[in-house]
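Every chain is named by a letter (A, B, C, D, E and F) in the order it is written, and numbering of its residues begins at 1.
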Amino acid sequence: MNSQILDQLKRDKILDLLKTGKRIDGRTLDEQRQLIIETGVIPKANGSARVKLGNTEIITGVKIQLDKPFPDLGDKGILICTAEILPLADPNAEPGPPNEEVIELARVVDRGIRETEMIDLHQLVLIENKSVIGMFIDSSVIDSGGNLFDACSYASVAGILSCTVPKWEVKDEVPTLVEGVTSKPPIKTLPVSVTMARIGEYIIVDPTKDEESCMDARITITTNSDGNICAVQKGGSDGFTPEQLVQCSETALTVGRKIRKQFEQLM
Amino acid sequence: MVKTMTQLMTEDGIRCDGRRLDELRNISIKVGVLKNADGSAYIEFGKNKILAGVFGPRDVHPKHMANPDSGILRCRYHMSPFSVTERKNPAPSRREIEISKVIKEALQPSVILKDYPRTVIDVFIEVLQADGGSRCAALDAASVALADAGIPMRDLVSACAAGKVADRIVLDVNNEEDQEGQADMPVALMPNLGKVTLLQLDGMLKPEEFKTCMQTALVGCKRVYEIQRKALMEKYFQNGEQ
Amino acid sequence: MNSQILDQLKRDKILDLLKTGKRIDGRTLDEQRQLIIETGVIPKANGSARVKLGNTEIITGVKIQLDKPFPDLGDKGILICTAEILPLADPNAEPGPPNEEVIELARVVDRGIRETEMIDLHQLVLIENKSVIGMFIDSSVIDSGGNLFDACSYASVAGILSCTVPKWEVKDEVPTLVEGVTSKPPIKTLPVSVTMARIGEYIIVDPTKDEESCMDARITITTNSDGNICAVQKGGSDGFTPEQLVQCSETALTVGRKIRKQFEQLM
Amino acid sequence: MVKTMTQLMTEDGIRCDGRRLDELRNISIKVGVLKNADGSAYIEFGKNKILAGVFGPRDVHPKHMANPDSGILRCRYHMSPFSVTERKNPAPSRREIEISKVIKEALQPSVILKDYPRTVIDVFIEVLQADGGSRCAALDAASVALADAGIPMRDLVSACAAGKVADRIVLDVNNEEDQEGQADMPVALMPNLGKVTLLQLDGMLKPEEFKTCMQTALVGCKRVYEIQRKALMEKYFQNGEQ
Amino acid sequence: MNSQILDQLKRDKILDLLKTGKRIDGRTLDEQRQLIIETGVIPKANGSARVKLGNTEIITGVKIQLDKPFPDLGDKGILICTAEILPLADPNAEPGPPNEEVIELARVVDRGIRETEMIDLHQLVLIENKSVIGMFIDSSVIDSGGNLFDACSYASVAGILSCTVPKWEVKDEVPTLVEGVTSKPPIKTLPVSVTMARIGEYIIVDPTKDEESCMDARITITTNSDGNICAVQKGGSDGFTPEQLVQCSETALTVGRKIRKQFEQLM
Amino acid sequence: MVKTMTQLMTEDGIRCDGRRLDELRNISIKVGVLKNADGSAYIEFGKNKILAGVFGPRDVHPKHMANPDSGILRCRYHMSPFSVTERKNPAPSRREIEISKVIKEALQPSVILKDYPRTVIDVFIEVLQADGGSRCAALDAASVALADAGIPMRDLVSACAAGKVADRIVLDVNNEEDQEGQADMPVALMPNLGKVTLLQLDGMLKPEEFKTCMQTALVGCKRVYEIQRKALMEKYFQNGEQ
């Protein structure tokens, strides 16, 4: 909580540094931490990735299986991104059903991938209204070091990019698995999520856990390969000026481009 | 009624419900509609019908959630089973839990919590009938209900969405436009402090459109603010500027 | 709780007045509070009502949809009444799964409508054992001022009376919605619930929240248009003499007749 | 076995299980059948087989439920998965929660709670096999178990249903009569204090029938009372009046 | 908890006695308490048993009904053993969802019956992959006096032995109940669970509640009619030496033989 | 790939994954892999990939669970949704709850809890990819993570399964052998104290085979112990005996 003395001291120190254009880990304000992406880490899954973003570490697995479409969405396959913070990832995480923070995390990650239309869901249909391919992209935070939104999003995107999709043939209205034949998922664009925090009047990219503990507000902006802004989520207990938000949207595009290059190397 | 994309807007920029691009739906707010709540408001915003009730500051249960240095704000956004086309299960969905959180965080900067350590202010929102933009309408009612409860506040919070429909930026997205349009951006503003306390986006906007869309929404927020203010005046000053 | 000092003082005052034949709000012992019924308040629902009974206020919505019959009840449609006390309705209500009071409330409301056979469930069958019409009557208490049983029951009955039932035609064993054709639900009788409280030796009709907080026992009696007694529920932490119960059954019939007239104006 | 309405009663008023209109099913009660519970009873009431166990007065958990001025009574009525024709999910149903509440409120006036502030008396009821009238049988066992636990009581609570079957008022409705009869009215009585502490009705009764039905049930309650008393005597006075 | 003073005193006394080869209730170390089995106690169930093992008492009911097979197990019927500790059985038992002890109890009982292959599940198939017989063996602890594992296992076995299985005939791919025709379940072997506790260096069979409250570790070994060891579960907060475990396996066979004779009388 | 019983082992005693009867799968352990946990370890044991993280001793929540005379140990064994062939529901299954309990009881004798009254040591295990013997591998990682957290311990706990496949006793049962073999016996040992702290069995063993199987597993546990020790040395003494 902001009100706690330790957080206040931390905030004072962070703000003092920000006034000189610096951050406690030496980064500039619009600089992300090092992003390390490793794919194929869970060979039993159809796709997987381990992502390190500074001290934050995520493992994502993708499972692909036959499914029924949602009612009224019979011409689309199923894509579901989840996220959970494992209790070993954070001294404050608790086992049990997800709390509101975790639900927000999962929904924001899902929305970024869904709204950019990363995957052409129409290509996942086997029999319209009856049988579709379902992709379940489950992210587990295994070390929590700030900015879980971006880290989970990157791990989910990398997990999808690493996927091999099994082939089902439809015989007599029944989808049948074709052994040994797989393809890449139908990728249309590369979503990149960029999260920024406001501390005082400063906007910083990719906040650490310490920075998050004393930030005023947070914003996550997801852009696609064409430079469109596709998903936004403001969080935190204070607000932004409209000017700050425009600045954030520009930063999201600039920073996002660098990350997208890292994704392109996985394709 | 099957609606195709082309029907969302005429060539003259008239929308499917007859509105112009920058026109709000009908909004009416009544203050103090509940007897048990410490503060309350009822809003009709297009076809949205939403109740907000506020209790507090009061003791926190369970006690370990209390903050010795400040009051806390809790918020529940809930949809009635009959509020949507398909009957909704009354248990809170993940969507409702997320919206509860963003509404809480949108209201929080407006409420002065420091003076009430160890207490909670509970904001309960019930969507009786849902239309496009229900989270904005819910926020508008909740902020007025907080004021009605006599909670000390820095500003009201006024919310309104904008979006992109048929390639044009429009104010106050309705249900059809939300379902079949290209983008929906709910925004909440503290009008006097000039701070945006809620911003979400689903859809696809070019960077320039992003700015226009936000500006459009902010104009809407300011108009909503006038309606909120008038509703409060009507209750608290008999001669409200009707 | 009865034991609390405030409740004891309230009880003393209420009892003193009852000895003179009066109640704190000026009513006679067998007099209900004003009942205001407004229907069609939720246009998106198939039926709806807002009911005010004194300071108690309820909103009920009716949803009608295709359903499967219960096993062994293949010749009947589905009718389910629920009730919940919204947390904004009462400082003591809590969000979360319903507690025993709310479950009792919902079940007593449901039973009154079910046992009077208000709706001819046989007429809601589309294909026996396979496809029926389901009616979901959901009541939300939005302001809690005592006697939620009767208020929710009245709102449910009014919601049903205001219903328009969509038409499904069965083509090739598949029920298909016929656009633009609706009918009234098959109403057989009008149930009226009347709740009475015992305070000391006095029986009062339609107790307020204050009266409930110091009552000894409670009874809810539902009658139908033919003057039959169809559902009874005793509650509260003390009992009634058999003579008091007979008196209550007579009061329920008398008072019920007035309410039924209000319902008849809705038909 | 398919049973039609006409088979529920012969023209001479003999019921489907051979009983006369005013005849109880077989009832037997055993007191003190459990070693862990502070008090217990086992009842067979027709085909009902029900156990009741009582613990307390004891400390309340969670503590915030305790009443500083009085003891509290809690009650759980639960059906075993194998107690009914279709295997029952062991999680408590809404029906079981409602019955737990009406049983608690039926027992409450008989128990002197004032002397045990901050404590709880827990009554746990397990229906091992269910037949018509299980809530009455459960109450009968629970009241005896409370007495067996040494809880100070104003009276026993004795319960029995009456109903309407083939247009006649009958005592002690069995399963078939409950399913296909015209009315079922469970009643609980404190026999010495003359107070009815439980009354429910499902069905359709004319006002005159309502009175007769209740009177019939009350006669049944008084007969049940004698059986409860005898069961307690058998345990507590070796020479129980067999 | 072992740390509590009362338990420590109890342990001291029990250990002192064990040094002289005796137990507090007069039994020898490898002696079970009296086992009383009564079947048919719940006539409405397809099978049932009431088992008393010393002060521990269990009621088990068996329900048999049509079911669908588990996916990938289409050539087997369904057998599910559950166990619960009723709140009236123990002052420390709590109503509500099962805790880890109860889940372990149920799973160990289930495993003993499953791993010995007591019932030939293939004989419970009506239509392969589509329709099978399901047997639900639900045990309720009604008095808790130690060694719930064995008591629930014995009651489950006795309940199964007492079963009459309804007959379904398959007509036109639909299983239809044949009224009045039943058979015994297809029994292949008789599982016997034997639970032992270690207190200090002593291994005792069939511990009472007092003995359990101060034991170091626990082991449950289930054997079948052929003298095979089919299921083992070690519990408790300390361990066993390998030699003790071999000794336990021999004891389980010896003691098991006596119990199996009691079962044989039920067949 | 359809596998019949005969394919589980060749006539020369070579197993389906090429191992000899008494051969372990590849095992590697890394210590201190997590930054937030007080201690942690990552194990690959055949195709098992498992993380263990330890927090504590720390305050107990909820407080009534604290023991005034001793620390307590809690353990959660959890499988990731993507860890098995069919996507697993993330809510803990009954199987996971049981395994959490037996792992806790297998670790408990190794941990000196007396010195930390009113505190808890939390062991969280996440199975990222599951293969045969995941509970043993989980235990191996958890014990190393406890040591890494600096918790005072009497001994490590080393676990390994043995089983019966194609009528022969084999060490370290893999997934195919577990599914189609004749017996699976997970065992945990405190190697220096010579105490078995976990023993389970699913399958069918003759009494002699039971002994052999346990002995085989114990040999495996001791080999695992060397690997655990080496992993800890590698972290804590730069010149670990590689």
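One rule holds for everything that comes next: a contact is a pair of C-beta atoms (placed from the backbone, for glycine too) under 8 Å apart; a residue touches a chain by one contact, two chains touch by 3 or more.
None of these values were measured; they are calculated from a predicted model.
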Going chain by chain, each one touching the next, work out the least steps from chain C to chain F.
3
Identify the chains adjacent to both chain C and chain D in the sense defined at the top.
none
Per the C-alpha centroid definition, the whole-Å distance linking chain A and chain E comes out as 48
From the C-alpha centre of chain A to that of chain D, how far is it in Å?
58
Chain A and chain B, separation of their C-alpha mean positions in angstrom:
27
Touching two or more other chains - residues of chain E
none
Where chain B touches two or more other chains, by residue
none
Chain order, ring traversed from chain E with chain F following:
E, F, A, B, C, D
Quick one: which bits of chain F touch chain E in the complex? Just the residue numbers, please.
67, 69-70, 94-95, 97-98, 100-102, 105-106, 108-109, 185, 190, 193-207, 210-211, 214-215, 218
Per the contact definition, I'd like the list of chain C residues that touch chain B in the complex.
41-45, 48, 55, 57, 59-63, 65, 82, 84, 86-91, 95, 97, 136, 138, 140, 142-145
In the complex, the residues of chain A that touch chain B are 1, 3-4, 100-101, 103-104, 106-107, 111, 115-117, 219, 224, 227-242, 245-246, 249-250, 253
Counting only contacts in the complex, chain F reaches chain A at residues 34-37, 40, 47, 49, 51-53, 55, 58, 76, 78, 80-87, 90-92, 122, 124-126, 128-130
